[in-house]
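This is the structure I want to talk about, given as structure tokens.
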Amino acid sequence: MELLLQQVLAGLANGAIYALMALAVVMIYQAIDHLNFAQGEMATFSTFIAWQVIAWGQPYWLAFAIAVTVSFLGGIVIDRILFRPIHNAPILGQLVAFIALFSILNSVDGEIWNFTIKTFPTPFGREPLFGLRLISTHEAGMIGVTAVILGLLYLFFRGSRLGLAMRAAAANPDSARLVGIRVGWMIALGWGMSAAIGAVGGMLIAPVVFLEPNMMLGVLLYGFTGAVLGGLSSPGGAVAGGFAVGVIENLAGTFIPYFGRDLKLTIALVLITAVLLVRPSGVFGRTVVSRV
Amino acid sequence: MTMPSREATEPLGTARRAAAISRPGARYLSIGAAIAVALVLPSVATNFVIFQLTLVMVYGLAILGLNLLTGFNGQFSLGHSAFYGIGAYTTAILMDKIDLAYYWTLPCSGAVCFLVGVVFGLPALRLQGLYLALASFALAAALPQILKFQPLEPLTGGVQGIVLIKPDAPAGLPLNPDQWLYYFTLAVLLVMLAGAANLVNSRTGRALMAIRDHPIAAAAMGINTALYKTLTFGLSALYTGIAGTLGAIAVQFVAPDSFTFFLSISFLVGLVIGGVASIPGCLVGGLFVLYVPNLAERVSTGLAGAIYGCIMLLVIFVMPSGAAGLVRFARAFATARPAR
Amino acid sequence: MMLEVGGLCAFYGQNQALHGLDFGLAERGIVTLLGANGAGKTTTLRALCGMVRTTGEIRFDGKPIGGRATEEIVRLGIAHVPDGRGTFVRMTVEENLQLGAMTRRDRAQIARDIEEVYGHFPRLRERRRQAAGTLSGGEQQMLAVGRALMLRPRLMLLDEPSFGLAPLIVTELFEILRRLNHELGVAMLVVEQNAALALDLAEHAYLLETGRIVMSGPAAEIGQDEAVRRSYLGY
């Protein structure tokens, strides 16, 4: 029983990161109808920046702040310079642009910081939480930070004018323009926020999986999975999906024989595919009913 | 009296010349020229270059498979590395375990991949766009792990994979194995290209494209979308699977980590660069996917990925519809008549 | 003249939809653009808002606005109620109105204006926390007009406001429009298929056919014209 609880909590902890990535992915998707395949690489790059700042002797929270800020600005720049000019190109062409960004960031990471794994500190420590062997303080920190971010985002989108404007720009860009909203900048802002969220996710998972250029590959995949599972039209669903994937992954890896580390990935994906077959638009997604 | 008539005929004359450029005769001429060049190349190139060109054809064929599904039928797949891998492994297992001749493995792996494609295509009917992409991605990600699966090792060779021997040219032909394989691949490629072109220009092809462009209208016109979509999945898998077979023979080796989803991504990149829904474009895509990463690595080993990415971006910025789009644009430009 | 348009041509890709329109609108005036389906009425409104590619002159308050982005044109005080209403269907009525005031900074006044809109359209107040997509067609049209009012526009462009609405609702709506023009001094350019209603509301009318203005004059005169009566008024 204790093992089950432990694994569920550990799954939730990892799931928190998947939830963050899923949220970042869905935010961009709502803005531009595209999945940002480079989301993970952007997060890795940000984490490396934080690592570098710490390596230069600066305190953790300063590095954190710098990484988040740089990511925010970087996301805006990437949108304005890279994706805005091609937003009228065919969908598959834009997809290749995302792939290109992925390739560039991954390569640059490897070149600047090489491929040996690095440890990344955690501000939460790694002791068992409250002395119980259920969950470590860092894992609790992951869940906690994710909850805080989700709360802040909820308040922002529901309670502020800018949040309202962003929601409008995503929901109906033409109408948004007709009320004077600068839709292009709303999209850029979405990119910036998404990049910042990704950065936080990267910095939270790095202490667990160790920092190296390919760190986020699996994480991003699980993030996508969570987003699709929850439904790409629902940020809340994406978050729930992310947590669910974390738990499923952990439980499958622990309790199903034969399926050690290697097949964990496959299991999660297969399960998700199975879910999609039953609910093709994700658990919380809206089936798009198109009128002919 | 003569002046006006000359003015009247001049635009017409140019228009006629323009029509001539796109007339079927000219088309066959350019295809013939390309084939002629392809036939002659091995006699002037080194073995290594011949090998690379063989791989270009292999990738081109794989991309053609993807094109049939995504470009002509609008079903998005990130899973084609799996079909390629299945084709490769079918061949490897047949050649290694029961000593089947390499040419017989072609129809076998084709059949296997067609079946797998259809089996995957059925549930895929329920999924749209990105959801289908994820499901196909799952397929691509699963294959290497299944291939490494302990209980299957006696068959698949596990992590080490299976080694193959490159076949010799049939007795009597003065060709070394590389040259023979080049011609063999070329022959298969031409047959399959012709098949694809035929399909695309037929009623079936039009039905496929109708499904891509407006599935509801297509269904309303009486096209059995489910049937066509599933069969297209199978056919697409067959094409890519046969490419996998040829690739396996060329490389003489199959291993699980050669068939990761990164290969799927490569096919997709090749598809876009060559031009979606363009059959000749597939070969351009194959060229790009084989040579540009090598090129990038020669410029800088550390930043190879970054350079590859930058080149990709450059292509997308300059020709968002790929090489085929550029050709179409150039042709339209050359034949455009300034109206007044 | 608040709005002056000269030689306006509009293009969808390679297709030319408008062929050199000339018309104008005075301060506080109401003008209507009539025409059958496909005549180019919606295109004209979209052209004024920078939503399609245009050539020719568009002047608002004497300043050229052709080629500017939609968001910027809106900020000059031009509110566009598009065909299909353009409501944010998943947001509440109140949020829709707040969005209308997105370019304004005066919080207190915005709140007062929302109350004023509810004054014009009492039915919206009842539904202020409802998702806009759950409103009836007539209510959504009122919401769209209300949202446009939140901009405090000097010019309102209305694209087929009567579309899909029951006759009683339409009469009510046009009454409200007349009142708004009278009380608030908002100029209106109304595109309509329902010629009778539009000619009743407007002072001046233009008739559009396949992207060209074929007739123009005071609304009353146009309404009396034999050809117009046969083709558009049905008698």
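As written, the chain order gives the labels A, B and C, with residue 1 at the start of each chain.
To be clear about the criterion, a residue touches a chain if its C-beta (ideal position, glycine included) is under 8 Å from a C-beta of that chain, and two chains touch if they have at least 3 such contacts.
For clarity, every value in this text was computed on a predicted model and none was experimentally measured.
Asks: Going by CA means, which chain is nearest the middle of everything shown?
Replies: A
Asks: From the centre of chain B, which other chain's Cα mean sits the farthest off?
Replies: Ranked by distance of C-alpha centres from chain B, the top chain is C.
Asks: For the interfaces A-B and A-C, which has the higher count of C-beta pairs in contact?
Replies: The greater number of contacts lies at A-B.
Asks: I'd like the Å distance between the centres of chain B and chain C, where a centre is the mean of that chain's Cα atoms.
Replies: 52
Asks: Distance-wise, how many Å sit between the C-alpha centres of chain A and chain B, to the nearest whole number?
Replies: For chain A versus chain B, the centre distance works out to 33 Å.
Asks: Please report how many Å separate the Cα centroid of chain A from that of chain C, as a whole number.
Replies: Once rounded, the distance between the two centres reads 43 Å.
Asks: In their shared complex, at which residues does chain A touch chain B?
Replies: 35, 82, 85-86, 89-90, 92-97, 99-104, 106-108, 110-111, 221, 224-225, 228, 232, 258, 262-263, 265-266, 269-270, 272-273, 276-277, 280-282, 290, 292
Asks: Hey, which residues of chain A end up touching chain C in the complex?
Replies: The touching residues are 161, 164-165, 167-168, 171-172, 174-183.
Asks: Touching chain A in the complex: which residues of chain C?
Replies: Interface residues on chain C, with respect to chain A: 49, 51, 69-71, 74-75, 79-80, 82, 86-91, 95, 98-100, 102-103, 147, 151.
Asks: Can you name the residues of chain B that touch chain A in the complex?
Replies: 70, 123, 126-128, 130-131, 133-135, 137-138, 141-142, 145-146, 148-150, 216-217, 265, 268-269, 271-273, 276, 302-310, 312-313, 316-317, 320-322
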